[in-house]
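Once you've had a glance at the structure underneath, I'll fire off some questions.
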C-alpha cells in the first residue's frame, strides 16, 4: 500500500503542515497540491464542499505525493466510509467530546476485527494499491477534533482510545465554548491555557496534537508548543487576504511593500 | 449582519408567503427569486435537490432580497450545519415529534453557549456579513415540522423549546399519520381540527405557526386561521399544473379562460 | 431503429406540439416529458442549458415516448454532431438565412453519402437501436430557423435544400430584423404577412412549417394558418406566468378564477 | 403504480440477476440498463456515487423496464427517504446486525401506519404513477444486508421483522468479521457454512435471500444453494477485468481465446 | 435596464479595475465579488471554466453590484450569444486581428438592426430587467483583444469599427507574436512601445484601452499611460502567489514581513 | 517540461496502445489509467463527454504516467486551445480532408511564431511544468484524422504539413465515405487497400500512422501493417462486450470459457 507521508514525517519526529481546501474545485485543489504542502485537507464541514466535489479534488491531489485528508461534517460512519473509499488517507472528525464518541469515530475508520468499517475500497485501492484492505488499518490516520470545554475535560480519557492517531484543536469553537468570541489564533488566557494543556497532555501519549492556525506567527508558536500537525488558513481565506491587500494598493497607486 | 426579512415581517405582525423549490436548478431558483416571494425554501428532503445543488440556488436567491430558507432532509446536525454555513437564514426540520427532538434541532442551529453549532460560516459570512457569528443566534430562524399525531400530542411541550422560532405543519404526513390519505389541503375532520388546534396553541406562545398549502383558497383560509408562514405548492407542482391546463387547451383549440 | 413520432404524426397529416426546455435540469425535463407533449425541444441557444445538461435531459425524456429534439446554439457541425450522438431525433438550427447555410446544416445532420456527419452514435444507438447508422438519415429531422428578413427573401431557395425536413419561424428575431420590437406572437403587419407567406410557401413543398408561440390563442391561429409544428412558450416562461398569477392572488386573498 | 418486476419474478418463483453500478455516470448506467439485467443497483455506499449522481442514473435506468434499486450508505432515514423519492424500487441497507436495526430500516421505507417514511414522492410519482403513495408500501423492496457474524447470529430474529422483503449477503465483510480476508466468492469453511445457513434459514420464511457474486461460477452455485437475488461484480470491476485481459493480449500479439 | 457600472465609471472619466476568474467555482467567484472590484471577468478561454460553470458564477457575481464580464474562448457567435443571454454585461473577445474580425465580433453582440444577435435573453432579462432587449445594444460592452503584431498594425482600422467600446491588450500573446517570451508585464522595448502606441492611439478615439497586468506596480504604470480598464492577475495566480510566500515562511519559522 | 511518453516510445521505434474514454467520468478514467495503457484518449467528439467532464478526467489520468490525449469535436481553435490549456499532451482532430484544414489544425496547436495558439496554460503548466510555453511546441502531439476518401486522395499533401506529428485513421467514417457500412475493423477491399496505402505512405515520411481498432486481432494486424498508434475500442464498448458475455452465461448457468 502507498505510504502515508504524514505518518512517515511523524515517525521521523517531524511536523506536518497541511493546506486547507474550502473552495469546491479540483482546479484550485491541484494548484494547492503543486505548492509543496505535506498534506491537503478537504473540508466537508465548514467549506462549501460536498462528497461529489471531494472526489475529483482527491484525484487532483493524487497527481502529487501530497497526502490527502478529509474533515468530515460529522461523526457519522456513512460519510467516513465514503471518504475513505474515495481515497482519503486521514479523517478529521469534528466535535469529539467524549471517549465514547472517540471510539465510535475510530471504529468507523477501521476494518474488522478492530473496527466496523465495511470493505469495498473502490478508488482507495486504485490510489493505495491492491493490498489496501490488508494495510489500511495501519495506514489511515484517525484524528479527533478537540474543540469544546467538555472535550478538554475528557482529554486524558479520549487520548486513551485505541487506534486514535491524533487530535486536532479547533480554536474557534473552543473559544466559543469557553465564552469567548470565535476566530483564529486565540490569546484569551483560558483558551490559550487549554491549548497548551492539550499539547502537553499529548506529549505523554503517542497521540499527535494538531491545530488550525490563522497566521504564520501563531503557527510557529504552536509548533514550538509541541503541535505537530498545523493547518494554515484555507485557500478561501488566503485568496481573500491576497485581494484585500492588492486591490486597495492598486487603487491607491502604491505597490504592496 | 444582514436583516432576516421573514423575522422583520413577523415582528411587524405580518404574514410570510414562501415559494418552494423542488427543481434542483439555480436558473429556476433565480426566476422564482425575481417573482416577489417573501422567502424561498429549498427542499432538500422531498425535492430532487442535494447540498451541491442548493449552494448555487442560495446564491441565485441572494441576487434579490428574498429570504433564503432550507428544509433539511432530517434532524441531523451535519446537514443543518452545512446549509447554515452556506447561507440559509432559516431551517425547516422534518418529523420533530418530541420536545427532545425539538431541542436537538434547535441546538444544532445555535452557537455556544445556546447550542452546539460549530463555527465556520464560509459563505454565510459573505452573505450575512462579517459579524455573522455574533448575530446569527438572533437572526437564523428555527422551524420544526409538526406532521404526526405524536407531534400534535406533544405540541405544548415542543412549543416550550427555548429558541424555537416557528413550527411548520406538513399536512400530507399529518393526514397519513391520522389514517387518512396523503395530499395537500386536507379537510378530513380530525386532521383539520388538528391544524386548527396547532394555530390556536401557537397563538398563546411566541412561536409562529406555518403550513404548506396547495391552493390559494386554502392558503387564504389558513392565514385567517392564524398561520403566518405559508408555503405555496412548489416550482415543480406549479409548472406541472400550468402544463396540464395549457396543453389540452391547445389541442382542443380553446384558449384557457 | 426506434420510430420518430414527430415524422409519423406529420406523415398522418397531423400537427405536433412541442414543449420547450429552458431550465437546465433533468428533473423538470422528466416532469415535462410526462405531460403528453408530442415532442420536447431542449434549447441550447437561448436557454441556460449546455451539452452536459442536455445529456441527462435527453435521458429523462427517453423515459417516455416523447420525441427528443434540440435547438443548437449555432450552425456548427461540432455541436450538431454531439447532440445527434446524444440521441436527439431532430435538430433545430438558428439563423439559417441562405441556401448555402441550409445545405451546410443539413450535411452536418446526415451520414455519407448524403452528408458529412461522422459515425459514432454512442447514446444514439442505445436510444435508437443497433441499426441506427443505417436508418438515421431517414429518421432524424432537420429543421432550419427562418428568423430574418433575409431568410424570408431566400425562402423558396432554402426550401429546395435536399433533406431539409422542416423550417421553424422565430417570431421574435423576425420582428427585430424587420424593424419591430421583439416578443412572442407578433401582429405587426409586415411580420404577420411574412409568417403567412412562409406557411403558404411551405405548403407548395414537402417542407413542414413550424413556429414558436407564446399563447394558446396564437398557437391555434398558426395551426389554422398551416403550421404543423408548434412550440409553446417554455418551462421557464410557463413557471414565470404561473407564479405571476398565483402570488398576487394569494396576497390579495382572492383565489385565481 | 408501475409493477416492481423483481417482485414479480420472485412471485413466479424465479431468480433475479442485478447489475451493480459503481461508476457515477448516467451514460454507463444507461448502457448497463440496455443489457438485459433484471435489476440495476446503484451503489451509494462503496461506489463513487452520491445522491446527485444517482438521480440521472435512475432516470437512465428508467428508459428501460429494468428495476432500479439503490444501496444506501447507511441505515439512515434521510438518505433512504431521498432515494425512494427519487424513484428507487428497492433499498439495500448495509450492516443490519440486529432486529432493532432491521426494524428501523424497514420503518424508514414504509409510509404510516406501517412505518414513518415522510410523504412527498416527487420523481417517484413520475416514475411509479399518481397512485404511488397508496401502493408504495406493497411495491418497494426492503433488503437488509447480512454481513457480520453478529448478524448471522441474529438471523432468525432479523428475518421475523415485519415488512422485510429480502436479505443480501455481503461476502467480503462477512469474511472479515469472521477473521478471514476480504474478497468475492469466499470458500473459507466458516464463511461458506454461514452463507449456506443463511440460504436455508431464509427458505423457512418468506424473506428472499440475495448475495453479491464475483464470478459466474460462484453465482450459479449460489443460485443452486437457494439464493434468488444475485448481484454480479459491478460495471467498475467488469471494465477492469476486460482491460486486464485485452491489453496484455494486444501487447503480446495474441488475441484473447 | 440595470446600469452597466463599468460604462458609468468610464463616462465619468474614471478607470476600472477588474478581477479575473480562472477557478471554475461560484464560491470563489462570490468571494471575489465581495472584495470591491469594479468588475469581474470570467475567463472561458484560458481559465478552466466552461459555460456551465460560468452560469452560477454570473449568479454569484450578481449578489453584488460588481459588473459581470466574460472573456469568450473565440470570436464565435454561438458562445458570445450564450454568455450574453446568461447575463454578461461585457464580452472580451480574443485574437481580433483585423477590422473584419472586429466587425464580426461586434455584430454578434448587438441586436438588429445594428448586429445579428438573436433575441432570447433568458437570465439576462432577470438580471438586466424586462426592457433588456430594448436597451442592451447601448448597455453591453464590446471589447476586442489586441494581442498580435498584426492587430497592432491594423489598430487604427480596428478602432473605427462601429459599436466597438473598448480594446484589451493581451501582453503575453503580444510578446510571443513579436518574438519575445510570454509572461505578464513585458518590458521588451518593441512590445512596450506597442503597448504605449495602443494607449495613445485609443486616446484619439472613443474606444477605451484595457490591459491585463501582473503586478500592482505595472498596473499603476499602465494607468498613467492611459489605460482605463486594468485586469489584475487572477484568483488562480493570486492564490498561487499567496501560498508561495506563506508556506516557505512557515517552514522557516519566519512570519512574512 | 514533463516528457511526452508517446513521443518517447515513437522515437524509440515502438508502438503506442491508447485506451479510449467515452464514459464521462473521472472514476472510470482513473480506473483505465491504472491499467497500463501508454496513452488515454478522451473523446469529446463521439463520446458523451464535454470539456467540463474532460478536466477532472485529465486530472485522473495525471495520477499515473499515462499520456493524456483528447479527440476534439471539430477543427476549431476554441476547443483545441481549451483542451491543451487543460493539459492534453496530444490532440486528435476529426475530418481533416485537405492540406489547408491540416494547416489550420496544426496552427491552433502551436504557439507563435509557428502557429497562433494563445498563451495561458493554466492547468497545462501545473501538469507540464513552469517551462510549458517554451517547450510545448516540441512536446504536444498533433494528429489529424484521415477518414474520408477525399482525405486519402489528399494524403501526400496533408502529410507534408509542417508540424503535423501523426495521422489517425477513422475506419468507420472511411468505410461510409467509400460507400460501405460503418463499423470497426473493415475488410471491404477498397477500404482495406486505403488503410494499407495510408500506412505505406506514412512510412515514407516522419508522420506516424495511427488507427482505431475493434479487436485485438485486427489491432495486431494493423501493427504489422505499420501502424504505430492503436486505439482499442473504448471503455464504453469494452464494458458492453463484457456484460454481453457474462450475463447470458450466468442465466444459462455456464461459466464463460
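Letters A, B, C, D, E and F name the chains as they come in the text, with residue numbers starting at 1 for each one.
Keep in mind that, in the parts below, a contact is a pair of C-beta atoms (placed from the backbone, for glycine too) under 8 Å apart; a residue touches a chain by one contact, two chains touch by 3 or more.
Remember, predicted model here, so these are calculated numbers, not experimental data.
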Path length in steps (a step moves to a chain that is touched) from chain D to chain E: 2
Between the pairs A-F and D-F, the one where more C-beta pairs touch: D-F
Centroid comparison with chain B (C-alpha atoms), farthest chain: F
Most remote chain, CA-based centroid, reference being chain E: D
Centre-to-centre distance between chain E and chain B (centres being mean Cα positions), rounded to whole Å: 41
Euclidean distance of C-alpha centroids - chain C vs chain F, Å: 34
Shared-contact residues (touching 2 or more other chains) in chain F: 22, 24, 27, 31, 48, 50, 52, 55, 76, 79, 122-123, 236
Interchain contacts (touch definition) - all pairs: A-B, A-D, A-E, A-F, B-C, B-D, B-E, C-D, C-E, C-F, D-F, E-F
Residues on chain B engaged by chain C in the complex (per definition of touch): 17, 19, 22-25, 27-28, 31-32, 35-37, 48, 215-217, 219-220, 223, 230, 232-233, 235-236, 238-244, 246-247, 249-251, 253-257
Residue numbers on chain B that touch chain A, as the complex places them: 50-52, 55, 76-79, 81-82, 85-86, 111-113, 116, 118-123, 133-134
Residues of chain A touching chain B in the complex: 22, 24, 45-48, 50, 52-53, 73-74, 76, 79, 94-95, 147-148, 170, 172-173, 176-177, 179, 181-182, 236
Interfacial residue positions of chain A with respect to chain F in the complex: 26-27, 30-31, 34, 55-56, 59-60, 62-63, 122-123, 126-127
